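In what follows, subunit A forms one complex with subunit B and a second complex with subunit C.
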Partner chain A sequence: MITAERKPLSEIKEMIAPYRKVLVVGCGSCVAECAAGGEKEVGLLASALRMDARTEGRDLEIKEMTLDRQCVYEFIDQLTEFIDQYDVVLSLGCGAGVQAVAEVFPRAIIVPALNTTFVGETKEAGLWVENCRGCGDCKLGFFAAVCPITGCAKGLFNGPCGGSQDGKCEVDPDTPCAWQLIITRLEESGRMNLLDKVYPPADWSKQQGRGPRKIVREDQKI
Partner chain B sequence: MKEESRLKNVLQGGHFAVTAECGPPKGADPKAIQKKGKMLKAFVDSVNVTDNQTGVVRLSSLAACALLLKDGLDPVLQMVTRDRNRIALQSDILGASALGIRNILCLSGDHQSFGNQPQAKGVFDIDSMQLIQLVRQMRDKGVILGGERLTEPPHLFVGAVENPFADPFSYRVLRLEKKVAAGAEFIQTQCVYNIVRFKEWMEQAGDCGIPEKVYILGGVTPLKSTRMAEYMSKQVAGMDVPDEIIKRMKSVPADKQREEGIRIAVETIQALKGMKGIHGVHIMAIEWEDVVPQLVEEAGLAPRPTV
Partner chain C sequence: MDQKSAGLKITIFFCQRIDADQDAHRRPLEKELGSQIRFFPLPCSGRIEPLHLLRALESGADKVYVVTCAEGACRYREGNIRAKKRLAYAQGLIEEIGLAKDHLELIHVLAGTTTTIAQLAEELLAREAFVGPLPVDAPGQERQQRQL
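Here is the complex of A and B:
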């Protein structure tokens, strides 16, 4: 999933300060799973903003909406009948959601309430960990399903570096050394031969592309 | 005829090599590095210049190497993959050779979060293993990544580092073997305090025939104080300072601890000299380069051979 964290209230307040009517739009997908931008978080943020406005004696009108997916046109379309009635859209979608809404409504003012962080997994309640950088050239098959680009602080393809100690990364003692994990798993499954060769430099053009990357699938076109 | 690497000549001549690390200044004044060079010149074969070590901004390794070269030293250009992508690395490799630098040490570099620019973007376009391979490819085949031919290949003696004290221990020799296969011609190790573990690692390396394929220089860092010993033991990842060493430092009064540190370092150099498969020592006297002449003399390694 794509994870995100809500921005501090002060930053959100500053962005919406010039406006009186605010449409707060959440997303029911990834950011709901990571408890940052789902229906519940939309409600909490709207209440906080209302309360704040009341305390400061400001007039603020808020409507709450949560789309199933803020990055897909069919769902964004649900905003069509309301958007003109509001001065600003405060989006609790990820960066993709914010931009998709802005694309559909080019005249509307859209501001983000979240900081989009990474592609990751829910490890336990209240803990999300990054595990994919979307490099466009998945190498997990060589590295015992541990991503060295994401999991190793230096992104080494031929690790571990000299700072691996007691299974931990030197950069953060709470983080496991990805290379220790790779080696342990390969040893246990009798596949250490996968590390025999020097893994060549990555093709980062698959990640960085020439500006935004695209996936084009003729078979999916209508 | 191109000027050869002095380090390579010393090692190929069968001499026990001595290299020392030299940190460039945090400023643009060339005198600091020239002064260090002058002091080290008669006591070491080659001088390693660190590349923004621990992620702290300093005068560039390439420029400092050029200054040392002008003063008649044989610099070892340390090059980390943290700060430059493959375009900049290949360009600097050519530049180094054009300036007359003849040694390169390939490293990934300390993570930027440890230094004074923790908000910097870590590049890590390629890793140290790939850098070794790249320099060898440029030198031996005369081609850059992607296969384009160079008008003139760089002339460099290629080194790498290895830390026998990091984990997983079982993999450290395999990793060394991999660096040698990638093309490393000399290895400088992390500083040795735990001789027992180092010996164990060297024996494993010996079993794989590694010392016949590559020159190994054992790392030595003299301790200044008990505090430094404790700091290195606890705070520096991949550093193994056994309790006996800390106890030994503690057993002498504070004003005698530097001398004790020097004694330990000299004993370590002698132990390394007697170890099978070790071809030299690499002295990393952190911000204490002026102790190097004394260490070399007391270890009986002065004067250095003429090659």
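Here is the complex of A and C:
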């Protein structure tokens, strides 16, 4: 899941200040799960912006919409009949959603209401934790499904570093030591032999350095 | 000046478990005060969402109360604790747009007391009007000038 947090209202207001008609568009997928950009959050932000405008005596017209997914053309297409009627689109999608909408409607003005943060999981109600860096070279199979790149502050493939205390990371005592988790799980599942191997550094060229990454699947094309 | 005399528009979200006959008890007050008071019974105060609170203010309420049972007395264990957190979140949102957080207020009914929602509402209306009318007109609605 891609997580995000709402920008401060002052920043959002500054971006939409030149415009009178605002289309506020949420996304019902990842950012709804992390309570940043779903239907409820669209309603909250629209309500706050309307009240703020009335408090300041400004004329502001807002329409609220939430797409099932803001990063897929078939869903973005639902904006087609409305987009020309509004001066600006305030997107509560992740960065991918904002850019996808802008690509479909290149002449429209699209601005983000969220700061996209990380790929993570919902640990419990109200708590989301990063657990994947999207490195493009997943090694979870060797490390008992604990990512040492994301979970270990030092990103060690051949840990532990020796600095952890009581199973917690020396960099942040609130964070469990990823290598403690790896070793405990490997022990419990009888796979400690996986640590006999020395793992080479990650191939970072799969993550960065070549511009935007692409996935091409001929079998998925129409 | 009390909130009733000041003409403040009051919205009360409340856990309907605090008054088994809330429907009958609130009717006379609704008839007397008309649009000055609006009641929203909830199956549990934990059902409240920040969106309900903002929509209430946006629709013209000057003061929104969320009335819950006493802490530790929720039939569903944590409903009133959740209500408290959500109200605090909504207070943060309205402060971001420059409104006083006191436009939203949580009221815990004291443990062991038996009260009707009408009695409770009368007590709230008799309170000093510390916050004035919300400087936000509901759409298409001219707010009357009210002096505090």
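The rule is short, and it goes like this: the second predicted complex is superposed on the first by the 220 of 222 C-alpha atoms of A that agree within 3 Å, B and C clash if a C-alpha of one lies under 4 Å from a C-alpha of the other, contacts with A are read in each partner's own complex, and residues count from 1 in each chain.
The rule is short, and it goes like this: a residue touches a chain if its C-beta (ideal position, glycine included) is under 8 Å from a C-beta of that chain, and two chains touch if they have at least 3 such contacts.
The model shown is predicted, which means the values in this text are computed figures rather than measured ones.
Peer 1: If you stack the two complexes on chain A, which partner ends up touching A:85: first (subunit B), second (subunit C), both, or neither?
Peer 2: Neither partner.
Peer 1: Which partner chains sit in contact with A:40 here, subunit B, subunit C, both or neither? Use first/second/both/neither.
Peer 2: It touches subunit C, and subunit B stays clear.
Peer 1: If you stack the two complexes on chain A, which partner ends up touching A:50: first (subunit B), second (subunit C), both, or neither?
Peer 2: Second partner only.
Peer 1: For the three-chain arrangement built by superposition, which of subunit B and subunit C touches the greater number of subunit A residues?
Peer 2: Touching more residues of subunit A than the other partner does is B.
Peer 1: Answer with first, second, both or neither: which of subunit B and subunit C does A:204 touch in the superposed model?
Peer 2: first
Peer 1: Based on the superposed arrangement, let me know which partner A:189 touches: subunit B (first), subunit C (second), both, or neither?
Peer 2: neither
Peer 1: Hey, which residues of subunit A end up touching subunit B in the complex?
Peer 2: Residue positions touching the partner: 153-168, 170-171, 177, 180, 183-184, 192, 195-196, 198-202, 204.
Peer 1: Across the complex, what residues on subunit C touch subunit A?
Peer 2: Touch residues, subunit C against subunit A: 49-51, 54-55, 57-58, 93-94, 96-99, 135-137.
Peer 1: Touching residues of subunit A toward subunit C in the complex: what are they?
Peer 2: Listed in rising order, the residues of subunit A that touch subunit C are 8-10, 40, 43-44, 47-48, 50-52, 54-55.
Peer 1: Using the touch rule from the top, collect the residues of subunit B that touch subunit A in their complex.
Peer 2: For subunit B paired with subunit A, touching residues are 82, 86, 108-111, 113-114, 122, 124-130, 133-134, 145, 161-163, 166-168, 171, 174-175, 178, 181-182, 190, 237-238.
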